[in-house]
Every structure is written in structure tokens, then in C-alpha cells.
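Lettered A, B and C in written order, each chain numbered from 1.
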Amino acid sequence: MHIAEGIVSAPVLVTGIGVATAGTAIGLRRLDYNHIAEAGILSACFFVAGLIQIPIGPASAHLVLNGLLGILLGWAAFPALVVGLLLQALFFQFGGLTTLGINTMNLAVPAVICRYLYVYIPVSTRKWKAVSAFLCGFSGVGLASLGLSGSLAFSEENFAEVAALVFLSHIPIMFLEGIITAFGISFLTKVEPGLLPAKKTISVPALFQFFTIFRKKEIS
Amino acid sequence: MIEDSFLDGNSIIHNMDPRLRIIIAFIFSFLISISQQLPTLLLGLTVAILISFPVYWSNHRIQKKIIFVNKFILLFWIFLPLTMDGQPIVLLGGLIVSKEGIWLAAILTLKMNVLLLVLTSLVVTIPISLLGKALQSLKLPDKLVVLLLFTYRYIFILEQEFRTLQVAAKLRGFEPATNLHTYRTYAHMTGMLLVRSITKAKQLQQAMVCRGFTGRFHSLSDMALKSVDWMWLGFFICCIAGLGGVEWIPR
Amino acid sequence: MDTTVAPIFELEDICFSYPEVQVLEDLQFSMNAGEKLGLMGSTGTGKTTLLHIMIGLLIPTSGTVAAFGKTMNSEKDFVSVRKQAGFLFQHSDQQLFSPTVLEDVAFGPLNSGMSSQEAKEISWQTLRSLKLEDLADRVTHRLSGGQKKLVALATVLSMSPKVLLLDEPTTGLDPVTKNHVMEILHHLDISYLIVSHHLDFLQQTSKKIIMLEHGRLISNQ
């Protein structure tokens, strides 16, 4: 899930850099020193997941895990993904310095959305919790592929077909990611529920709380 | 197994100030990324090849990285000539492709290779500890730098542990296939690694707190530009100005 | 060749080295059906390496490995061997990854194609035979080191192996748990090879004790 350097246009690159910088700044504000280790491990996990091939029909794919990362880290997913993507660029030249912004934006915005989805979807039974976790994993990759295809399509009108193909080819991975995220969340619920964010109900104060993202606040 | 893929060595590029290399790589890459003109790209390619030579002499592994061709570019070679409107060319077998499509694919290939060379010779040659210092000295937030170093350390540990778990599962008859059992197993392995490493990291943190760690890393850097760095700076300012000139000054 | 009388494992002229160290040198080893062997040797002599070679996790630099009467030539040959050999890792953390004990014990049976009902039944049986049924619903991650060892043993036994390869099953166990393991082994009528530093433990569980020294095996009794 990377855009290689040299493919997308200046406006797309600049948008990416802007969004990624803002998101990372918010993420870092909310990430206190006691949780850096946790974020680092998750970001390493994101890196390693990109190396492991999982069979899916006749082909195989690797996990993206941005949905899971978002659920666990919230806004801190931004810095975690910047770091993970930078290391991937240095190790394997997947993407590069100029595309670090847009690649981060494409993965981290869905990650943060997943966090809010996870926290605010009101479910209580085990089955529905699994369904909501599936939804997070699914939309994590789904929105990321949409971002990826969008970045291509906005860059050059002749990329439309490639962009569509890129999106379609990610549909199986959305399902894979949804299933893995559902199992992953169920694992954490059993083994270390303290890592998961508390569920909240939507209320007027909660809506207001969204606007407190610019205040310094620790991830819970 | 992942290997540490930094290109170590001892060339004139390796001895350049890492902060300078990062900034130059970024500006240079950005210009190349947005350029539309063939002459600009050719000039960029020349400079990129020039700076990659010393690195190549010092570490042949750079070759491997350049041979790596991104999946994307193949896609473009297949799709653009077929889908783009333009002057048609009939290939053997009656396939009709557009000249503009081939042109665009060729330009993209050229760009990507220049960018690959710039990234590998200027940035991939910075060892991680130096990269951390350089980023800190470039005023990136402390927390981000600590996060980078931490992640780097854990990549190797996690990968190793994951491989071991995979082997253990294989010994118990696990064969990955497209089914829920497989996906559950992978999720459990990932979850277990996460939980275990986070527990360990917290214990490590407690141990550090016991030894007087307050959560602040002291500034690690005392970097100064050497005279040779100023020469490099001059060289690259000329290159960058040249690129801009070729791209934007109307002829 | 008749596989019933052929040795379970037969290693000939095995040499193995890691990038920096030569570990095994012209090592010969054979293990017959029904044999209960103990393996001793100081830390770092290559006991773990030897076990890993036996089940194909490491490939020897030279020499041949045969298992159940068949010479192993490729990774594929080892697949059936691994199904019949229960391998206990030196560190249980390398082996356990399911959320709960019962799920981990059921993992092997599930892989061999059993329904989840059957797998559960076998797992309960195994846990009961090891007197571990109280742990069934516990989270494996939070067990003590000794408990993890026992659970890891259960995950291996639930696959009804023909032979056990146990890498330091007693290290870090208290005397009571050690006796527990000893009893379990006494009640098994399959062949096994145990790596341990505890001579008394090996004397009580094994018919024959061999030593690994300078890359070679020396028979004691």
C-alpha cells in the first residue's frame, strides 16, 4: 500500500505532507513518554506485517493492520505510521521521502477513523463486537485503498484505469484485514483488555470532545 | 529474514553531513517528482548517477536496491499505452497502443529511477543512530526520534519471534490456507507478539525509571558542517538551480 | 525397508556450523523404536541445534538424516516426520500463542483436520491426563514459567506423537512440578529423547544417557 516516488503530482504530495504533519503533531501531543514503547512496538508490528504473506485464494497478500493500529493508538497512529513508513522506504524503497506525507495520510486518516468507529459503535454482545471490529479492519484498508486510488486519479487523468484497478485489487484484502482485525481484537479482549480503548456512547459532550484534539491529552 | 539494509561504507557521500544529505535528498526528489520535462529528468539522472558512483564503489549492495522494480511501474507500462488516447501505433499481433501512453510510461520509469538513486545514495547510506541524531538536530520532535529508534530496534525482535512462532505452528501441523482457522492463527500470533512485547517494554521502562530515567532523552547531537560540506552544499545548490532553470525558464 | 524395525532417527556424519562457530562434527546418532534417551551437555554445546536438525528446522552442512526409515532429502520429506514427532521448545514462549490454554492445546488436533468438537474433547483428555484441567480457560500469556512448560507439553501430547523430542523440559521447574513431569513421562509408552541438565531426572526417566561434547556424542551407559 505505497505510492512510489515520482508518480503523483505536486498538489497531492503537498496535501499529503500537510495532513501528515498536522496529524503527527496532534498524535505526538497525545502520546506521552510512557506510551512511546507501545507505539513503537505497534509500528514495528505494522512493518513486520508488511513482510508476511498470507494465503488468500490462489494468491497471497500481506496485512496492512492500519485499522488495528488506529484502534489501539488513536491519533498516535500518525507518528507510528510515519516512522514505520520511513523505515520501509529506507529498507525496501517502498515509497520515499517525498511520498512519506501522502502515504502516511492514506493510511493514518483511516486508522483514526477506525478508532472513532470502534469507540462509538454501541455494541455489547461478543458477536456484535466481532462484527464492529471486522468493520474497522475492513474500512481501514478500504479507505486507505480509496485514498491510494484517489491520489493516483487526482494526479493525472490518464491514471483513472490504473487507479480503479488498484482499488478493485484491494477488495479481497479488505475482507482479509477485517477478519484478522476481528480475531485480533477478540484476542486482546481475552488476553490484555487494558490495551483496548474504552467504549463510549455518543452524547453531546462526546461530540464536543472531538474538538479537544488540539489540547494536550494523553492517550488512554 | 530481514537484514539491516543500510548501505554502510566509507565514501565521500558517506562522509557528507547527514542533515545536509536529508535536506538535499528531499528538495532534489521533490523537484524531480513534479518535473514534466525530459531535459530536467536527464539532468537529474546525470547528477543521481554521479552521486551514486562513490556509494557503489564503497558498497556494491546498492545494485540490489536499484534492480528492485516497483510493481506500480509495470502496471503503468501495461495500462497507459492501451488506455491513453493519442497517436496509435500498431504492434506485432495487431495490438494498438498509443504513443503518448508509451511516452508517459517512459517518463515515469525515468523519474522513478532517478528518485531511487537519490534516496539510496543520499539517505539509505545514513546509519540509524546517525539518522536519529540528524533528525533531532533538524528540530524534529524528540518523541518522534525516540519512536523511530525504538521501532527500528523492535523490527528485528518481532520478525524473529514471529518466524519462530510460525515454525512452532508448522511443527504442530499448521499449513496456511484460505480459511478461518488460518486467519485466526495469524491473528493470534500477531496478538501474542504484541502483548508480549508490550509487557516486556513496560518492564524495561520500569527498570529504566528505577535507574533515574525521567522520560527525556538528552540531546544527542553536536553536529557542525565541515568545509567539505559547504562545498557539497554549493554543488547541490547549483544542481537544484539547474534543474529549476531547465524546467521552468521558457525557451 | 520395513519401517517398524528401522530406527526412528538415524543421523550419520552430521556436521553443522553457524557463521562463527562449528557446532557439530561428524556426529553419529540413532534412536530405535521404544528407546528412552537422555541427552546431556554443557550449555552451548549444540543440543538444541541437534534437535532442530532432527526435525529439519536446520539443515546440516554435511551428513544424512533419516527418520522412520526414510532418508530426508528435502523440506517436504520432513512434513510427515513433524506430524509424528512431538517437539517441545526450550522456551515455551516460542510455542504458545493462542489466547487460552484449551485453544492452544486444540491447535494441533485442529490442524490434523478434526472438527472443533473432537479437538476440544482430545484437548480436555490431554489436560486431564496431565492434571492441568484447572488451567483450561486461563490466558496462556499470564501463566508462570513452569505452567507454560506443562501446557506446552500438553499441546505436543494432544497430537498423539510417536516420538517426543523434549528440549530442557525441566529447566526452571520447581521440584514438585519436576516430579509431575517425571510421572507423566513414566506413564507414556512412546519413545523420547530428553535434553536436560539434571542427571537425576535423566536417570529416572531414561534408559540410556548420552553426552554431547566437542560436537560428538559419547554414550555413558
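Criterion: a residue touches a chain if its C-beta (ideal position, glycine included) is under 8 Å from a C-beta of that chain, and two chains touch if they have at least 3 such contacts.
As the structure is a prediction and not an experimental result, all values here were calculated from the model.
Q: Is the way these chains touch best called a line, a ring, a star, complete, or other?
A: complete
Q: Look at all chain centres (mean of CA atoms) and spot the one farthest from the centre of chain A.
A: Measuring from the centre of chain A, the most distant chain centre belongs to C.
Q: With contacts defined as at the top, give the pair, B-C or A-B, that has more of them.
A: A-B
Q: Indicate the whole-number Å distance between the mean C-alpha point of chain A and the mean C-alpha point of chain C.
A: Using C-alpha averages as centres, the distance is 41 Å.
Q: If you average the Cα atoms of chain B and of chain C to get two centres, how far apart are those centres in Å?
A: One centre to the other, that is 43 Å.
Q: Where the centres are mean C-alpha positions, what is the separation of chain A from chain B, in Å?
A: About 20 Å separates the centre of chain A from that of chain B.
Q: Would you pick out the residues of chain B that each touch at least 2 other chains?
A: Residues 188, 191-193, 195, 199.
Q: Do you know which chain A residues sit against two or more other chains?
A: Expected reply: 187, 191-192.
Q: For chain C, what residues touch not just one other chain but two or more?
A: If we look for residues of chain C contacting two or more partner chains, we find 99, 141.
Q: List the residues on chain C that touch chain B in their complex, please.
A: So the residues of chain C in touch with chain B come to 55, 57, 82-83, 87, 89, 93-99, 103, 107-108, 110-112, 141, 155-156, 159.
Q: Show me the residue ranges of chain A that touch chain C in the complex, using the header's touch definition.
A: Chain A reaches chain C through residues 186-187, 190-192.
Q: Which positions of chain C touch chain A when the two form their complex?
A: Those residues of chain C that touch chain A are 99-100, 139, 141-142.
Q: Which part of chain B faces chain C closely enough to touch in the complex?
A: Residue list for chain B touching chain C: 161, 164-165, 167-175, 181, 185, 188-189, 191-193, 195-196, 199.
Q: Taking the complex as given, what residues does chain B use to touch chain A?
A: Answer in residue numbers: 2, 5-6, 22, 25-26, 29-30, 32-34, 65, 68, 70, 72-73, 75-76, 79-80, 83-84, 101, 104, 108, 111-112, 114-116, 119-120, 123-124, 141, 143-144, 146-148, 150-155, 157-159, 162, 176-178, 180, 182-184, 186-188, 190-195, 197-199, 201-202, 204-205, 215-216.
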